[in-house]
Amino acid sequence: MIGRAAVVLAAGQGTRMRSRLPKVLHPLAGRPMLQHVLASLAEAGIEQQVVVVGHDAEQVEAAVGGGATTTVRQEPQKGTADAVRIGLELLDSGTQQVVVAMGDAPLVPAAVFEELLSAQAAGDACIALLASRPSDPSGYGRLVRDAGGSLQAIVEEDDADAAVLELGEVNAGTYCFDAGWLRANIGAVPVSPSGEHYLTDLVEIAISGGSRVVVVSSPRAELAMGINDRSGLAAAERILRGEIAERHMRNGVTIVDPSSTFIDIDVQIGEDARIEPWTVLSGATRIGSDAVIGPQAQILDSKIGARTTVWSSVVESSVVGEDVEIGPYSHLRPGCEIGPGCRIGNFTELKKTRIGAGSQIHHFSYLGDADVGEAVNIGAGTITANFDGTAKHRTTIGDRAFIGVDTMLRAPVSIGPGARTGAGAVVTRDVPAGETVVGMPARRIGTRQRKAPDRNPEQGGGKPRSDA
Amino acid sequence: MIGRAAVVLAAGQGTRMRSRLPKVLHPLAGRPMLQHVLASLAEAGIEQQVVVVGHDAEQVEAAVGGGATTTVRQEPQKGTADAVRIGLELLDSGTQQVVVAMGDAPLVPAAVFEELLSAQAAGDACIALLASRPSDPSGYGRLVRDAGGSLQAIVEEDDADAAVLELGEVNAGTYCFDAGWLRANIGAVPVSPSGEHYLTDLVEIAISGGSRVVVVSSPRAELAMGINDRSGLAAAERILRGEIAERHMRNGVTIVDPSSTFIDIDVQIGEDARIEPWTVLSGATRIGSDAVIGPQAQILDSKIGARTTVWSSVVESSVVGEDVEIGPYSHLRPGCEIGPGCRIGNFTELKKTRIGAGSQIHHFSYLGDADVGEAVNIGAGTITANFDGTAKHRTTIGDRAFIGVDTMLRAPVSIGPGARTGAGAVVTRDVPAGETVVGMPARRIGTRQRKAPDRNPEQGGGKPRSDA
Amino acid sequence: MIGRAAVVLAAGQGTRMRSRLPKVLHPLAGRPMLQHVLASLAEAGIEQQVVVVGHDAEQVEAAVGGGATTTVRQEPQKGTADAVRIGLELLDSGTQQVVVAMGDAPLVPAAVFEELLSAQAAGDACIALLASRPSDPSGYGRLVRDAGGSLQAIVEEDDADAAVLELGEVNAGTYCFDAGWLRANIGAVPVSPSGEHYLTDLVEIAISGGSRVVVVSSPRAELAMGINDRSGLAAAERILRGEIAERHMRNGVTIVDPSSTFIDIDVQIGEDARIEPWTVLSGATRIGSDAVIGPQAQILDSKIGARTTVWSSVVESSVVGEDVEIGPYSHLRPGCEIGPGCRIGNFTELKKTRIGAGSQIHHFSYLGDADVGEAVNIGAGTITANFDGTAKHRTTIGDRAFIGVDTMLRAPVSIGPGARTGAGAVVTRDVPAGETVVGMPARRIGTRQRKAPDRNPEQGGGKPRSDA
């Protein structure tokens, strides 16, 4: 332990969000904003993290979950200094530096937290404070510096005269404190007229007491500031998305239009993959090298193999092999495994289905709860009737089977290797390997020739056809 | 009546649009641009509106429709002052203030019209004139002010020397006149070398006559200016769309990417709804609270209930209840009513169809002209044959019916409550409540067991299955 | 021949792209970036073009193809001056001016090449050099000018002091040389410490030798600069796309959201067409006047007729007539010809299929390798079984035929004019004109009435129905 901890302020109500969801839980690039803060703190080497919660405490506590992060409630809510005081009580006694982070400022990079830690330590300061220059500073406390650049005061907007209001440098609300100094002084923060204790007052306490306060300037103002409303949320989403896209492009991924591509923060993409416009890659998705995804593809929590194309389709929680072609307009629902070289054509729905290498489902089919072998051809209009109103049943199709157009497969049912079904067949019983069945319900051709001459394959109906 | 009226100039040809559609009728966020102007004037409390039309007069007249707005033709077209003179003749005699608005400047906010009215009245001026500072002032008349800031002249670009051309403040072309002064002076506008009468000359007449002209500065230049070409149209669309998105975000709607979301001006959205990217909400659409719309959804003139999700689907002129899930890749054509808790799965088409609460249509089905009860399960591949080549017929499906996969329902036909159909059934006659039918054409199992033992449900084909 | 030639530098490795594809072959708006350079040079009247290739020479040579362009290999790669020396050897002896262009700077407009040619000739200069002012000049050689504005030196960043680093004007790397001077001096370029010969040194040779070097400033910095990484590629794509959209808007095309519309460089669009958001028009696509394309349409190498709408659908390598409606969610695969007035509804797949005027395929159908007449109605769920596992076969449907829902057409098969099929029919033999067939396999109603009374059309199943 190097004695570093963080208190994360997540008690605010966020009324300008106008939401029943606590502000710090609104998602950004696939994660609640609070988790971005915690991840950056962890990346900066701060392992002990105490989140101070207030409004909607249960929801926030549930979202933070276990791990190294502790939550503590602030009730009633009496300001940021009060929240820090509560959080402080949970920190290890060996803590030497305390970062105070805002739960609604999800874009502060780990490097900025590191710089605050370094600046506080190197400067032998009681406080290192993050400053920024937002395009619109109104509403924020202004930093007043002396001729030498040292911080003289933070003046809140209500107390500021015209000259101070002109100052563009503001207090971003993120700090690193010397733990001992913080413990000694947190109780001295006065009560404001509104009955709250503001963290900003610690700056005045430090300066008037002759302690050093150092200022760290945020490299990009928009990364330092908190999110107050949905407009700010959308802006943060855009910034974060731009950074994620830049990272993948540096890694050798072509992103045709980064501004119209939504890639969640944990997604991995191989070299020379090409991401076409209007594409979503979310959750724990992994895209193989040389894959072409989009336009208009949505890949959720799935693994896509190298050289595979997913065109204007949705893939959910599935594993797709190499050299597969999917789409346009197909939907892989959760639980699919697609072997290499398969062709999942347009208007195809798969669910909890495994498809062997080189099989083809070119058009208009629904396979659910199915195991399909290799080199199988599924004709257009094929449907697995996997639900009998009570339970789901599985369908098995052997290697090299040829399923005719408009075949209904009433599960549980098994089609043997090399077997064939005729157009419009309603298959209700297992079909042995190499056999051909036709009709409704489907019968073997031999059997049917005897019993039902009008189904003679010579006259049609019996010879299975499929489409491509 | 408070004596306020507007003359809207809509006679111009708009040749740079290169369109057969009159310029002022090109749509923006779901309305012709002229209607944006009329709506802002009405919002500013100006009820009498006269639109002066010229080119393609019939189309513009038809689009303005009835209501409080009158149209009058300017033939031949002899300039903006001539158009105002013609419009003036139709105003009530009690009119005290006359706003002159451009039909091709659809982004001028009501607040700017109000400010012009106030400025004219308060300043006891004969003219209040709207000024702006566009990023590229070329082509516009420059405002020349004296040291005290009073307007001295408007100098057209052709008459301007280098110093004047440097001035960035231009005449936006929108005015508020004292009605009496305007009536007295409109006839004095001289003929230009091109044979037209320009409204701008009234400013010179006023100044040289010692009357006051006050200037109102547009808060955002891009809102004041007219649209001249399709590039300007696209820019206006972007601005307007951004403002609409901001309004919804302030109301507590999450819009993940405002720049890729197209929301028409009259759409209403409930709190905590989430609008995903690449989504169109158009016409009179209303979205309930906590709904999730998109990505890639198109909702046209429809009402979507609270907590309902519409994913990558199209909904046209329909009413969808609460807690419904639609998509991906479904299409509700006009005239559908979907009860609460329904699941309209992927690849489903509905038309003029009512679905009761809790029914499921998971995949690949077309229901047209159908009445479906509650808790019905529609198997994949179900189709209503609602058209016999001559007329459309209705299909009725009772509560808790179970329609097997690939069932054809030849309308008019009725499936009773709790009835079932087998896979591939072609239903041509009504099915009583609780009965099961199978086959092509479909028969009751009891009947069929006697006549057609090869359809014995023990052997399959008879036991209805569906899919999920 | 006017004695103008170009040497295009395309030998660089482009390591920052992190790609197996040579940098100059990465596509932009539908063309490899190198071809944009060659097209602009040709547009500027430079017909002889020598491309100097190095890394991945075979791929680049293959992509440049034949035509007026020659390629030559630089092996080993010893710098830009060495590359120019190699290219120079292939130029006609009558060449008077040599443009040196970068293969990775695809946005340099023809007008800039023309200006370099003019400036070199008019100024009697040995070199005309392209300068630009990028927003971030770091990494580029800075132009140092004297008080009179004449170029004094190009100082590479490593050799620059602080004052020079402050200069924002940089060498863009594109030149026009006097051919004789270049031939005389190219051998004098010294070897750098890294063992390469840099073209920039020619500027010093010229200046120190008392020859004139003139500077042409790029009107927009972002057009002059080379692409170094995928981020630069995405930025170039955006710029190029914006210019293409502007061109179409000037021609009278409405593009609702240019930033979300991807139009390849060779696409043609008629007046008053409307391109909705999230639309791709690629390859040799031609869109007729008054067509409405999108939202979410992808038109690849296809011709779309006037007044036709393509809504949320994909059209590949097909020809669509006038007044056709397609979509949403349809897919025309290569080789389709759609007659005027057709309606290709939702969830329809067509492949190598010709459809006559006024025919309707409203929903859920797959037609492959089919010839469909005029005024045909194709019911929902119709499928051509065009593949028998070995070969593809054609389906023919005559004028005014009425194909019932869920009809399977087992190719090769022909449906005569005015013929009808029943719901669920599996058609395996030709149907004569005007006849009606039903059942699996489908039989003429007359025949079936005798043999199979349970299929009596009076009882249903026999009377064909379709849907609309």
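Each chain carries a letter (A, B and C) given by its place in the written order, and its residues are counted from 1.
Rule of thumb we're sticking to: a residue touches a chain if its C-beta (ideal position, glycine included) is under 8 Å from a C-beta of that chain, and two chains touch if they have at least 3 such contacts.
Keep in mind the model is a prediction, meaning the values are calculated, not measured.
Remark: rotation between chain B and chain C after Cα superposition is 120° (nearest 5). Because chain A and chain B share one sequence, their contact can be compared position by position; here under half of the interface residue numbers appear on both sides. Spacing of chain A relative to chain B, judged by their CA centroids, is 33 angstrom. The residues of chain A that reach two or more other chains are 259-260, 278, 296, 329, 347, 364, 381, 406, 424, 440, listed in rising order. Residue ranges of chain C in contact with chain A, taken from their complex: 17-21, 26, 229-231, 233-234, 237-238, 259-260, 262, 278, 280, 296, 298, 314, 329, 331, 347, 349, 364, 366, 368, 381, 383-389, 392, 406, 408, 410-411, 424, 426-429, 440-443, 451-452. Across the complex, chain A is touched by residues 245-246, 249-260, 271-272, 277-278, 295-296, 312, 328-329, 346-347, 363-364, 377, 379-381, 402, 404-406, 420, 422-424, 439-440, 454-455, 459-468 of chain B.
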